[in-house]
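Below are structures written as structure tokens.
First chain A sits with chain B, and in the next complex the same chain sits with chain C.
What follows is the complex of A and B.
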């Protein structure tokens, strides 16, 4: 139970190089939601088939297929971004598996849905890195990235560091510390109440 | 046949059916979208190669390369039969971008620009693509063409 926030943030690690722009964060966030929804459907189908011990392997095959189908849809909608994010769409499936592993910890049912909570975090994390790094906000368009310049000169003021992988790891560390602090405070309030 | 055997055969059949249907959906989706995707990638690469001298031809597959190099095109024009244009995913310090490279046998690979930037087409370093990363990819593409030599 105590490890949940660590596993939660560790799920971001495979996506750190790509979670540098809002456009990428949106695409990868939707990918995770797609794995979640298609996973629910496939899990139900596989449960009805009663395949026994091979059930988890079938679910993994379905996850790989879901990732490939998402990559195909991405190629159709955002062809240029599909080249940039080719590897990261499949890495997002790995992040999804890590998030699913949180469920194996004794979490009260319905109180913690890791994937649903992870998606806004990923999008905010990407937007923050882009905004701090270059002062822009980007959106996915069929031709590639559409950048909206919010604050000119951000990249020249020494804040570009937050857009890099090194800055992202420090940001993750700060987020983990905040999450730990909030949990401790909440636990303290509950004890006193 | 015992009820147990019938049950096992039914499970195997359903498993094979699920995997087959899913594979069929993936292949069909790939075939249906390939033309649209190919045309969009060509347009994006052509926009970067806006020198008026380089026109993209047919897509080509180099032996020994995987899906990462599926965006490889010949160049149209006389005397340019061996020239190639590559679209590759380059991961810089600020995330992945799609780079466009032109290969000619005389000069080797050279970086032309980043595809898919519709706002300000700034210097590649603004997007975390440093000269070192560009050099890495130029050398890699030169080696790739050399290894595929004559087999493309």
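What follows is the complex of A and C.
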């Protein structure tokens, strides 16, 4: 698969409302990796059954099943966060990037698995948003969130906007423009070198 | 009035597209100049409303009371897939489904079943999601059409500016929630 930043950006879009904190990003990132691994197993099992045209639908039902298992584990480990992320645990199981990663596996040497490359991006973006919005970094704990204050006063300065869905989309747009600028400059530098 | 408020809430002030993220990536791709997203709207609406109608009673009368609510996501995917196949067989001209649309469709049905308190409420949420998607995609389509004829810096062309527009649209739609005149209308 080609390294296409647009696919990455828009795979992040459905998770934007949920990934406003590092703790949420971590939980959703692990969820995506779990779905990927279980999806590979289900794909092989379904291929062996040779179901014909109904194969993709069976794969989706199995992915919904692995999302249910993940949600059950989340309810046991982090009961408070499982309520906040209830909808997104299921939505991320049906994401385009995940299905693309499962279908294109195994990838040829030198190429990367989209979902594996996407998870660090999701975690970094959620950490950045939380840091920009409230100056904290949070980790999941059974009672909810454990917040580590990095910069006091951030939430009082009106920066909490970056933690909202609107703020995150604008932030993503700015980051995309910076990424384009850097890539263009690097390409120019390589051409001149 | 309660149902109108429901539709307004989920389509504008708490837009399922921008606040829940349902169909956000689809909205980006469908808002490109030359896109014919409106043609697909009736088919998606039909699929969503039919699936919600078929799932509501088994879910509320069997799955939830007998503590089998955990089967709801699988039941949603199964019923949505069957409904989608049925529509493909009955109306072949509406059979072109993309991966982004599938996520939007399953997500809409699942959200309607999870958040609604009654059958009519569930239908309202599903309808509001379609309205929200149409409203935001139409607005983005207009924004992108204007952008395609504007002179913008090369680094901001395409995805960056569309994302910023989506963010501004999100703020604009959310403002309905705090506007005093809308509160007066609904009370």
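Worth pointing out:
Just so it is clear, the second predicted complex is superposed on the first by the 157 of 193 C-alpha atoms of A that agree within 3 Å, B and C clash if a C-alpha of one lies under 4 Å from a C-alpha of the other, contacts with A are read in each partner's own complex, and residues count from 1 in each chain.
Following the convention adopted for this analysis, contacts are C-beta pairs under 8 Å (C-beta built on N, C-alpha and C of every residue); 3 or more make two chains touch, one makes a residue touch a chain.
Nothing here was measured: the structure is a model prediction, and the numbers come from that model.
Looking at the shared chain after the overlay, A:142 reaches chain B, while chain C stays out of its contact range.
After overlaying the two complexes on the shared chain, residue contacts for A:184 are found with chain C alone; chain B is out of touch. In the superposition on chain A, A:91 makes contact with chain C only, not with chain B. Looking at the shared chain after the overlay, A:18 reaches both chain B and chain C. Within the superposed three-chain model, A:81 lies in touch with chain B and out of touch with chain C [touch as defined at top]. When the two structures are aligned on the shared chain, A:151 is found in touch with neither chain B nor chain C. Of the two partner chains placed by the overlay, only chain C lies in contact with A:176; chain B stays clear of it. Residues 17-18, 61, 65, 68, 72, 86-88, 164-165 of chain A are contacted both by chain B in one complex and by chain C in the other.
Contact residues on chain C toward chain A in their complex (touch as defined above): 18-22, 24-25, 28-29, 70-71, 73-74, 76-78, 81, 85, 99-100, 102-103, 106-107, 110-111, 114, 154-156, 158-164, 166-168, 170-171, 174.
Within the complex, the chain A residues that touch chain C are 5-6, 9-11, 13-18, 57, 60-61, 63-65, 67-68, 71-72, 86-88, 90-91, 93-96, 99-100, 164-174, 176-178, 180-181, 184. Looking at the complex, you find that chain A touches chain B at residues 17-21, 24, 45-46, 49-52, 54, 58, 61-62, 65, 68-69, 72-73, 75-76, 79-88, 133-134, 136, 138, 141-149, 155, 160, 163-165.
Against chain A, in their complex, chain B makes its touches with residues 11, 14-15, 18-19, 22-23, 25-26, 29-30, 33, 36-37, 40-41, 43-44, 67-68, 71, 87-89, 91, 93-98, 115-120, 126, 128.
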